[in-house]
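Down below is the structure, laid out as structure tokens.
The first chain written gets the first letter, and so on, giving A, B and C; residue counts start at 1 in each chain.
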Amino acid sequence: MSDIENIRKKTLTDAELKPLLEAAVFVAGKPLSVARMKEILLADYRLSTKRIKVILNQLKEDYNDRGIELVEVASGYRFQAQTAHNEQLLALFKEKAPRFSRALLETLVLIAYKQPITRGEIEEIRGVAVSSYIIKTLQERGWVKVIGHKEVPGRPSLYGTNKEFLDYFSLTSLSQLPQLMAVTELSDEPKPSNEPQTSKGSELAKIAELSVSH
Amino acid sequence: MSDIENIRKKTLTDAELKPLLEAAVFVAGKPLSVARMKEILLADYRLSTKRIKVILNQLKEDYNDRGIELVEVASGYRFQAQTAHNEQLLALFKEKAPRFSRALLETLVLIAYKQPITRGEIEEIRGVAVSSYIIKTLQERGWVKVIGHKEVPGRPSLYGTNKEFLDYFSLTSLSQLPQLMAVTELSDEPKPSNEPQTSKGSELAKIAELSVSH
Amino acid sequence: MNNNSIKHNQEINEQGEMQQQVLPLALIRGEAVIKKPQDLFIPPDALEIILDTFEGPLDFLLYLIRKQKFDIMDLPVAAITEQYMVYVDLMKNIKLELAAEYLVMAAILAEIKSRLLLPKLVVENDEDDPRAELVRRLQEYEVFKNAAQELDQLPRLERDTILTNVALADDFKQARVMADVDLAELLSALSDVMKRNAAFEHHHIQKEVLSTRERMTFILQKLKQTSSAQPFVEFSHLFGADEGRKGVVVTFLAILELIKESLIECMQTKIYGQIQVRLKG
């Protein structure tokens, strides 16, 4: 409680002022101006700007050889890490790479294969609702985008893949995907090679229902 | 770029290590554990825990007479203002610290001392219902989490505390919590010997068995 | 001890309740109500305060016991029950929404009281004392009630501990790390979808179909990027030279399909001039 008495006395030695200013700059959360130090922190004292600046300069020197430094920026004083350590310190902020959910991957694959496709159509195939979060994530990632709207009630968005999607997986074309899968898949199911025309035809027929707005 | 070369060398003098650790604790944004210092910050070096702790102790001493101090809490090391300046420093912040209701504090204390504990067990001791809002608040603060389910009908959640709870109260382990008042202190009568569960010894023994999971 | 416990109660109520309003009656809280329990005039507001002040019937009972300097172990059930009932009746009379727990406790007290009136058993030990369970609960609750008060006194963040805040030089911010996806994962997702949806299988394993669909999307996208002032893209620009003959065929197929479905249109501004393609509509 001696601190309170000190305040009442309205005097402050340099030895008292220095740690106080030091702590204030450290905890302020943003650069602290001398004016603010005077207004808020030391409202009960009459302290000159000059005296505060002298103390701040002493503090600057105190931190000369340390891991952090006291710097003056436009809006006041702040402590920051010495630039020399930036490289190593950045490691602290590396977040662990998140993993995509199964639902997201399946949605992505469906968009890739059946583009242009609506969310409703994806849901129909997957049998479950597709969360907006998944679509948003895929769009933010730059893998998927809205390429038009289906001319049915509600005009739902039609999704397709971007080049970034192929780039990410080092593919030159989507046609490489099923080939890759055929190689990786151990089950040797015979491919239905007997009806390529009809299948293409039905795909195209399906496209026929679509119109694109702009 | 001399820093990068230093990394390659895989050696680090104390004079280099100290400012790096200092800066790291300052910028980490949350308590920094020795394990994290070794794994992330100093991944390229072979440094013993002992050596890091020696440096941390030196840093503690360096800040002995300053406005801030280096302290160890449950999840690692952090810098905080010396409490002597609190009165003036709090003027820098507009927001007032939240006050916690008795219901919240009692629930928190029961989880801390009697973990793992179900909501029903908390309600039995307190004699009143525990609101979902309180449990939610404690979980959102990261103080409390579900650590399992009790194998009774309904499989109610079992709650325990997190390291963040200890960090908030500047504690390093559950054993630092205030000792529970022995029943004998509350009443002068000798307590029935067949009820040891509320006695100080057994409570602490129980806490000692618990490790705080992350 | 007694005074302390009252003081504690008041302190806790002044600072412990986050949402409690400041009532004019706050000064008489506790004291005014408790001083003369026989005095039946207790302002309704004061009763509300009782409900707000106490963390349930155990807390309230503890208060009554401490206030009267009773010994918990030797709980004078008759006296305590009488006082407790006065409050409960009052609260019921003024139709205060009374928490069920208070009524349950009233029943427990009444039961203990009636059992105490029965002739005493020869052997007397804790288990035979009808008060034992209530005493045990009161004691246990008091232990944790005290622990909560002590916890509240510990220095804590936001109120007593102020953390430092130091940024990296230049405020360098690390870009958000994005999720990694393995191609194998993607293929396995694909395989799952195909298995679940039989129709998918024989339609889509053809690479030509895929390529055509992909190309249709590509063309639509490319045309969408045109400005309204210059909505055309040269026909030849839709073809990539690096794709070989197959690529040309696929692109051509895609354009034909898009034209067929009136999604795009082709025009020539002059005879033998470049074919221009644009979105229709």
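Of note:
Following the convention adopted for this analysis, contacts are C-beta pairs under 8 Å (C-beta built on N, C-alpha and C of every residue); 3 or more make two chains touch, one makes a residue touch a chain.
Nothing here was measured: the structure is a model prediction, and the numbers come from that model.
Remark: the per-chain Cα centre closest to the mean position of all protein Cα atoms belongs to C.
When every chain is reduced to the mean of its CA atoms, the largest separation from subunit B belongs to A.
Centres computed as Cα averages put subunit B at a distance of 22 Å from subunit C.
Between the CA-based centres of subunit A and subunit B the separation comes to 28 Å, rounded to the whole angstrom.
Here the CA centre of subunit A is 23 Å from the CA centre of subunit C.
The multi-chain contact residues of subunit B, meaning those touching 2 or more other chains, are 23, 26-27, 68, 79, 81, 89. Each of residues 162-164, 166-168 in subunit C touches at least two other chains.
Those residues of subunit B lying in contact with subunit A across their complex are 3-4, 7, 18-24, 26-28, 32, 36, 40-43, 65-68, 79, 81-82, 84-85, 87-89, 91-92.
Residues of subunit B touching subunit C in their complex: 23, 26-27, 68, 78-81, 83, 86, 89-90, 97-103, 105-106, 108-110, 112-113, 125-129, 167-171, 177-178, 180-181, 183, 186-189, 191-192, 194-195, 198.
Residues of subunit C that touch subunit A in their complex: 162-174, 176-181, 183-187, 189-193, 196-197, 200-214, 216-217, 220-221, 223-224, 257, 260-263, 279, 281. Interface residues of subunit C, counted against subunit B in their complex, comprise 12, 15-19, 55-59, 71-74, 99, 101, 105, 126, 132, 136-137, 139-152, 154-164, 166-168.
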